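Pasting a structure here, questions to come.
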């Protein structure tokens, strides 16, 4: 199938002028729709079934966390950001912890950095598994082949959640990272558990590939759909697999290393084409790469303390330096940044202003460009391939 | 069941003769049991899935827990469903939609609040854009606590709902005391609550006292106070027909 | 970092200081905001990262209530780093929009307008993004109470 | 008594009513079967707590549906809205009337089809005509619900149904051309005497069978052709607004349609209840028939739970670029072979 030449549509198309006869049908998808990945509303102007203009309305999960963070201290902020990207809570914590550590100049022990790397990669596997399940669910239907793939991926994701539960005592919202290190010591047998997961995943991922790219319909539905070229992707601030699917060789794990990534080699997966299929390929390649990274360092976790800070009940004594600080790490969805403005007049232990830079919001802002010219069926494929998490979009 | 009592004529001779028929009461009781068994064992779920709990809800439908075991399937349209599972934070922008979808569900219907955000708003409770608990919008039958609850807890919640339906239909359900005389909330001593307005807690208690489960009686008692709060719809069909 | 700062210092003298740079990002006059962004985009900073508005209420009797808008760009290459600068404007002023340069600025600026209240001059579609259209006030104002009620829903 | 059964009216009632009961039961319990089957594929259990092995799940669902409040959307087109759920079940059951479920060898060594409600001379035409009518209730439901999703689903269903009608009709002509009769009993008898069409006509038979099977899938709106009911994009297709038993009727009709499509493929290409040398008694014919049709039924659901769905335009492209020309060529090749071999 030939790739459609990406001409950049106008997201601010004046629909009244375009459609003087009022022939277009306005279709609301969401906010409660099986395929909007949470509460997302997209208003589609349809000519037949072809989309002329798409207007997304996020904000149905806006929980005002940035306002809340202005009143909390570090210790209180870290468990709260768990709830943003609820598919990969571990990396959310890491992003905010890394931001605070870099802002305050706190050194993290090597053991904690290695543990964080392993946790981040496990989270990446879990997140991509869930993405694969929901993406195929969108393409194949809740009563159909997609549901089967979803069940398989959830089966493996459960194992990763068990592994996290073993470490932190919680399945979902871990609160295991603190400023300066990690909270929970590695339990006995945990390393073997992780090894079992990687060994299992090495068998399973080819099976998923067979179920997806082995099926001609999957390729038909994804190839040439939702093309975003490299220029537009960078302008929009797309990041992570969505950016690399457009052929931009950029990964913060390699380009601005955090955790222990400066000591290990990261092969960045890049795919050309910028369509849904390219984004799928990048994510599958990242699954293999994460398995490889975990296997390469799981036996090399150094001994030593897990945290450089004394365990305290509250960091009320710690003040953030005045001034603006922006630090970011690579989560499964891309660059998760934290913009901190230090406590006003050095009086408060809370940040004066804290903004989370969510990768999903940028993915969502690509929708008015990607959807135009496609049909309603493609909306779910494109939306699924961008892997947005609404908790992160709206915050 | 929305049966209009005005059309029933108990004076009719046919009714009298029916009543005297041997075994009719036993038969009707059996029939009612059968219907109740059917309603209890086929709870189709409409997932009002907004945030983190939605992922755990998906996990509950996936292979480890598998809600399908008890006959629960997930349908994306409110018209087909019996139970609305509110999984996640409800915001001010979302609340009218939740209300509308709840009204669109046909009776008999039940609501499950899953997770602390849906129950009370969790730590978002005080934030300008968050609804403090879904029971300020629609009556909630079962609360599943947790943040988020484990996947198997969802199934436990549905089993509790089955018990409740059985007791309700048999007339044995006792409404638990949801409205203590002295409502109060124990607030943790962190910086956030220092600036809480004095009447804020009072207002939220007021809202949850008049609505939620068993809200009908209390609404009758003090009239019109909660007119803006939405609350229990008279019938689901009211909005459509 | 030093390389691009040196370039910027020669291009915009008096704004950027290559010797002892402000770690929080340089303060750029509002009228040079777009020029700085365009210059950076030409010099490899093609990835739009974010824009952050913050509200500084008037302190004392003398001060003027201000908005500060920080913009972050990134070069998507090896040794990538985020480059940021700030613009300060009075509360009734406008920051020129970056929408013609970066398509992603559209939503980000809408979000900051919605939550903080910064107005972006020349933005094609400056509506609220997160909150309902009929919302009053901007929540991230320092004088906006976090517990503000919003009947009938809360 | 036995003589009176030869009266088509009495026979129609005496055999038709049990047949309807059996088919409806199959349609209902097919949902249970499908849920268990899909659960098996997905490492789950499926319904198993309600009754032994969850068998009563269907009954519970039915009882629940009966108790639901009856809502008609205010802006809906009431007569059409009410009529739409009834028609599909009726049409599908009417299709089943011409299918012979059994047969026997008479004294003259000829195959006599039996257990058919009405042995029409134009059985194939009847089947295809009713299949064409199936578009109407879906469109009625889509239009009358006054919902944009159902409208889109209805439009897709009409486009798909009308398009796939053509290859379906064309391929159904292959048995007609080969056997020289339009009666389903005649076609089965020909197959019993000369060999099943699926292998009797080398290549052409198997290809026609595959094409007929796929086109029936599209007619029955099964994955990969189920875009009218695409839940992930159109929420629930045309049945979004239907409540309780009305929605249940649609679901039931879908299962019945699938079962009848499998039965038709069996009758047209797999020799009906004939099983080579075995001189089966009359009452074992339905068992053979059920085994054949049941295998196809399982295959349909196997495909359903492991494949993805096409996009609407890809579906149309597949029909008009591949299926329609292929079916035309197959009919012509059949005619050539018939002329060459002098089969008729």
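We just call them A, B, C and D in the order they show up, numbering each chain from 1.
To be clear about the criterion, a residue touches a chain if its C-beta (ideal position, glycine included) is under 8 Å from a C-beta of that chain, and two chains touch if they have at least 3 such contacts.
On a predicted model such as this, the values are computed, not experimentally measured, just so you know.
Asker: Report the most central chain, judged by the distance from each chain's C-alpha mean to the global C-alpha mean.
Answerer: A
Asker: A-C versus B-C: which interface comes out with more C-beta contact pairs?
Answerer: A-C
Asker: Can you name the chain that lies farthest from chain A, using the mean of each chain's Cα atoms as its centre?
Answerer: Max centre-to-centre separation from chain A belongs to D.
Asker: Go ahead and note the Å separation of the Cα centroids belonging to chain A and chain C.
Answerer: One centre to the other, that is 24 Å.
Asker: How many angstrom between the C-alpha centroids of chain C and chain B?
Answerer: One centre to the other, that is 45 Å.
Asker: Could you please state the distance in Å, as a whole number, between where the Cα atoms of chain C are centred and where those of chain D are centred?
Answerer: The separation of the two C-alpha centroids amounts to 62 Å.
Asker: Mind checking the centre-to-centre distance between chain B and chain D? Centres are C-alpha means, answer in whole Å.
Answerer: Roughly 41 Å, centre to centre.
Asker: Using the touch definition from the top, which residues of chain D touch two or more other chains?
Answerer: In chain D, 42-44, 231, 235 touch at least two other chains.
Asker: Multi-chain contacts in chain B: which residues touch at least two other chains?
Answerer: Residues 62-63, 76, 93, 127-130, 192, 195 of chain B touch two or more partner chains.
Asker: Listing for chain C: what residues touch at least two other chains?
Answerer: 130-132, 139, 144, 146
Asker: With touch defined as at the top, which chains are paired up in contact here?
Answerer: Chain-chain contacts present: A-B, A-C, A-D, B-C, B-D.
Asker: Please give the residue numbers of chain D that touch chain B in the complex, ascending.
Answerer: Per the stated touch rule, the residues are 35, 39, 42-50, 54, 56-57, 59-64, 66-74, 231, 235-236, 239-244, 247.
Asker: For the complex, give me every residue of chain A touching chain C.
Answerer: Listed in rising order, the residues are 8, 11-12, 58-59, 62, 64, 66-68, 71, 231-232, 234-239, 243, 248-250, 252, 254-256, 323-326, 328, 335, 337, 339, 341, 352-353, 355, 357, 361-362, 364-365, 369, 394.
Asker: Please name which positions on chain D make contact with chain A in the complex.
Answerer: Those in contact with chain A are residues 38, 41-44, 148-149, 152, 156, 223-224, 226-227, 230-235, 304-314.
Asker: Can you list the residues on chain A that touch chain B in the complex?
Answerer: Within the complex, chain A touches chain B at residues 31-34, 38-39, 59-65, 67-68, 71-73, 76, 80, 83, 86-87, 130, 142, 150-151, 154-155, 157-158, 171-173, 350, 390-391, 394.
Asker: Name, in rising order, each residue of chain B that touches chain D in their complex.
Answerer: For this pair, the touching residues of chain B are 1-2, 34-35, 37-42, 44, 62-63, 66, 68-71, 73, 75-77, 79-80, 82, 106-108, 235-237, 240-241.
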